[in-house]
Amino acid sequence: MTTITQLIAQIETRQPVLNKDALNEQQCLTDLAGVGSLSDADDTQLSFLADPRYVDKLGQTKAGCVLVTERYQAAVPASSIALVVPTPYLAYASASQLFAPSENSAYIHPTAVIDERAVIGEAVSIGAYCVIGKDVVLGARSHLSAHVVIEAGAQVGEDAVIKSHVVIGHDCVLGQHVRIHAGASIGAEGFGFAPTADPSTRGWERIAQLGKVIIGDYVRIGSNTCIDRGAINDTVLGSHVIVDNLVQIAHNVRIGDGTAIAAKTGIAGSTSIGKRCIIGGAVGINGHISITDDVTISAMSMVTKSIQRSGSYSSGTVAMPSNEWRRAAVAFRKLGQSTRTD
Amino acid sequence: MTTITQLIAQIETRQPVLNKDALNEQQCLTDLAGVGSLSDADDTQLSFLADPRYVDKLGQTKAGCVLVTERYQAAVPASSIALVVPTPYLAYASASQLFAPSENSAYIHPTAVIDERAVIGEAVSIGAYCVIGKDVVLGARSHLSAHVVIEAGAQVGEDAVIKSHVVIGHDCVLGQHVRIHAGASIGAEGFGFAPTADPSTRGWERIAQLGKVIIGDYVRIGSNTCIDRGAINDTVLGSHVIVDNLVQIAHNVRIGDGTAIAAKTGIAGSTSIGKRCIIGGAVGINGHISITDDVTISAMSMVTKSIQRSGSYSSGTVAMPSNEWRRAAVAFRKLGQSTRTD
Amino acid sequence: MTTITQLIAQIETRQPVLNKDALNEQQCLTDLAGVGSLSDADDTQLSFLADPRYVDKLGQTKAGCVLVTERYQAAVPASSIALVVPTPYLAYASASQLFAPSENSAYIHPTAVIDERAVIGEAVSIGAYCVIGKDVVLGARSHLSAHVVIEAGAQVGEDAVIKSHVVIGHDCVLGQHVRIHAGASIGAEGFGFAPTADPSTRGWERIAQLGKVIIGDYVRIGSNTCIDRGAINDTVLGSHVIVDNLVQIAHNVRIGDGTAIAAKTGIAGSTSIGKRCIIGGAVGINGHISITDDVTISAMSMVTKSIQRSGSYSSGTVAMPSNEWRRAAVAFRKLGQSTRTD
């Protein structure tokens, strides 16, 4: 259970609660047990109005507490405690963390295999069957679920949360407050091969991937996402980068601070992406190109060339009834046969 | 080895074998060892005619037994035993299960770490290095391969088959007869963040994902597929949902009974998909939309808006020689520059 | 550290070093510690000129040794040792392997669970918490990282490198010198179901996947890639096939020798791909089709039909400013409504 006072303190790590001085003692001590939408929340739950289109629901809400902007404060029912903030959605995000089950307290499971030369910080938690290699550095208060593998020489900063079956390759360097979800592969070998001259069949000579993965602070990596180590130099993610599930980040990619990447996107080798970009799901980005800061790319777009101007970019065609689509696809094909554009 | 009698019993869990009374005792006791195509099967193998276009091969088959509809019974060679069923392909599916190696008998490997407060059903099998958390409920006859992690409070129904390296997040609820393949992640945190107001760099405030994943009965999840837990409410898959490998199902998605989803498809957050849909491979479905029942979406389609009518939908363009494609792609681009459609 | 003499021996496993007899003893004993680009390398590092466009940088390089073709030998600064080879990029690939940290020497971790009926070759290395099933055959000098699962009856050839959390399904057969990265799933059940006749809801009858995965020699599989076992016959990859991360290879696919497949590509069931093909990232290839030898398919293409002629193929549209794209996408849609092509 969380009191309104605790809630306010948490919200104020990011923004002020503008009406906190107007709350009475009983309100401050009110306990909340969770979060609900305006329609569903009961009097033990917190809710919020992030989108003014839902203001009709605000008047009907049974939530115990509602996060609103000043403009909508008057519309909060008398049965609810209104907390007035500049950005209710951000306040909801901050507050939500109080209702999550806390990670286990510091504890190293006896089955964890920890090399004697690993340096383990204070108050860490290491789950069953984790394997921590030689010379690994694991920062204070980090939490590893079960079956995490950290290879020799890798460094993980303080306050990391690393979920089950994550692998962190040798010598990779992760910052503070990283959060890595189940099954992510960080620092596997990049996909680098040189064709051999073998006349009979194409063979491939493997290029050893001698770089690392370097990840900044407050980075989030989703489940089963792959971030490969660099060939010669490193693969680098800045701070505040958030990456969803099943994303492929190839060797030598560089991603600037604050960029968000949705699920199933792939970024080919040696491409550089700027700061504060928003990359939709299942986007494909070519190798050896550069995308500047503040670029938004919509889902499923194919980016083949560098983007030098901030803004929003898209490609692809959208679903339509299949019989119409067949004709359109044929017409597209004919565009290639008949049109001379060069 | 499986006798024809055993085969008939298995097929009849789904449909009648119409000519079973006409078989003699010797036929009923004939042993089969496997399955083969009409062309390849030998006299120890079962085969089937599912597609009438292959009827020519039926007359030549050396299979020991053939599943056919009544119409083609006469074309089965005298050397084969014909079993007549309404739907041979379904009969093959049912029968095939008799030839698979059986899962190990009930056995809990001594290395499994099982919390003392977990409730383990009868006759379960738990492989090496599994980790079962506090208050987990694991139904009778469930079979876990090696390295499965089930976090605290999760519930798995009876007769589950869960393969190596699967993670089931805390408090998720799975029905009866689920089948989950290697490396799948069920119940990882959804990708929810609020932008912070930090003026210098975009930061992100994590939204705790307070919902669960709830999965019905007879659900199949493929390898390395990710199904994230909900933000406030739950992510829900109905019963008889089948999902292939490397699929992304984001937080708060809802999927109706009987829907099939092929590999590499991604479904963004809070989208609702109806019953009995067929979703091809690598489809991308936008968030916060709704797709009605009985919709078929062809592979690689991009679905950006809700679909309210049952039927078949497609998008995309199909591969052509690259030099023609370059012209077509340029022509498409010009459509955007020259055409005014608004 | 690696001497120039050692470097030459390594390069000459693939191609001659044409000027080796002209090197003096001091040059031959020069030690190198790593690899760098022409711009970044210092005098302890090896570099190379693979692309003549960078010849300007060659004259300025501070690398201790440079791999060049005969044509550019004269441009190498006097401070560097030039090694003249027909194909510098291939020579770099060969040489790079000398600078990678060597895999651990032969060692079986005491926590590995190895069935007494498994046949383990000489000088293998098996990491913590690996699980090796009954009748597995593991070739000499193979190296398994932590948490690898090899199910009963699977065979792995000599000199394999298998990284953490890989699963190899029962009875699969892998050749010599395979290299499999973290989290790959090889031999999970293919996605095969027959619809049931259940009138109320669509159910699915699972088709047991009775085939195997068979993989040739010198095959590379990327992280979290999935290769499913066949339904009746096998899924087959030839030799010298290289596969990137997060690729889906469905049941009964066949892939010819020397083919390369980039990340996030999906190949649907029963499709056959020829030799020496180059398949870009996030390509989608339909099931039950055939692609001949020496086909190149560019990233994100959708291949719906068989390709019978060698050459380069593409599809899709490329990213453009979103407001232009919206008009183009609408125009594409109208192509389907207005054009009659049948």
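Miscellaneous remarks
Think of it as A, B and C in the order they're written, each chain with its own count starting at 1.
The rule we apply is simple: a residue touches a chain if its C-beta (ideal position, glycine included) is under 8 Å from a C-beta of that chain, and two chains touch if they have at least 3 such contacts.
The structure displayed is predicted, hence computed values, not measured ones.
Taken chain by chain, the contacts link every pair, so each chain touches all the others.
The pairing of chain B with chain C is characterised as different-residue: of all residue numbers used at this interface, under half are used by both copies.
We define each chain's centre as the mean of its Cα atoms; on that basis chain B and chain C are separated by 27 Å. The set of chain C residues that touch two or more partner chains comprises 129, 147, 165, 183, 224, 246, 264, 282, 316-318, 320, 325-326, 329, 332. Here chain A touches chain C in the complex through residues 113, 129, 131, 147, 149, 151-152, 165, 167, 169-170, 183, 185, 188-189, 191-197, 201-210, 224, 226, 228, 231-233, 246, 248, 250, 264, 266, 268, 282, 284, 286, 296-298, 301-305, 307, 311-318, 320, 324-332, 334, going by the rule given at the top. Listed in rising order, the residues of chain A touching chain B in the complex are 14-15, 34-37, 40, 86-87, 89-90, 92-94, 96-101, 109, 111, 127-129, 145-147, 163-165, 179, 181-183, 218, 220, 222-224, 239-240, 242, 244-246, 257-258, 260, 262-264, 275-276, 281-282, 299-300, 316-323, 325-326, 329, 332-333, 335-337, 339-342.
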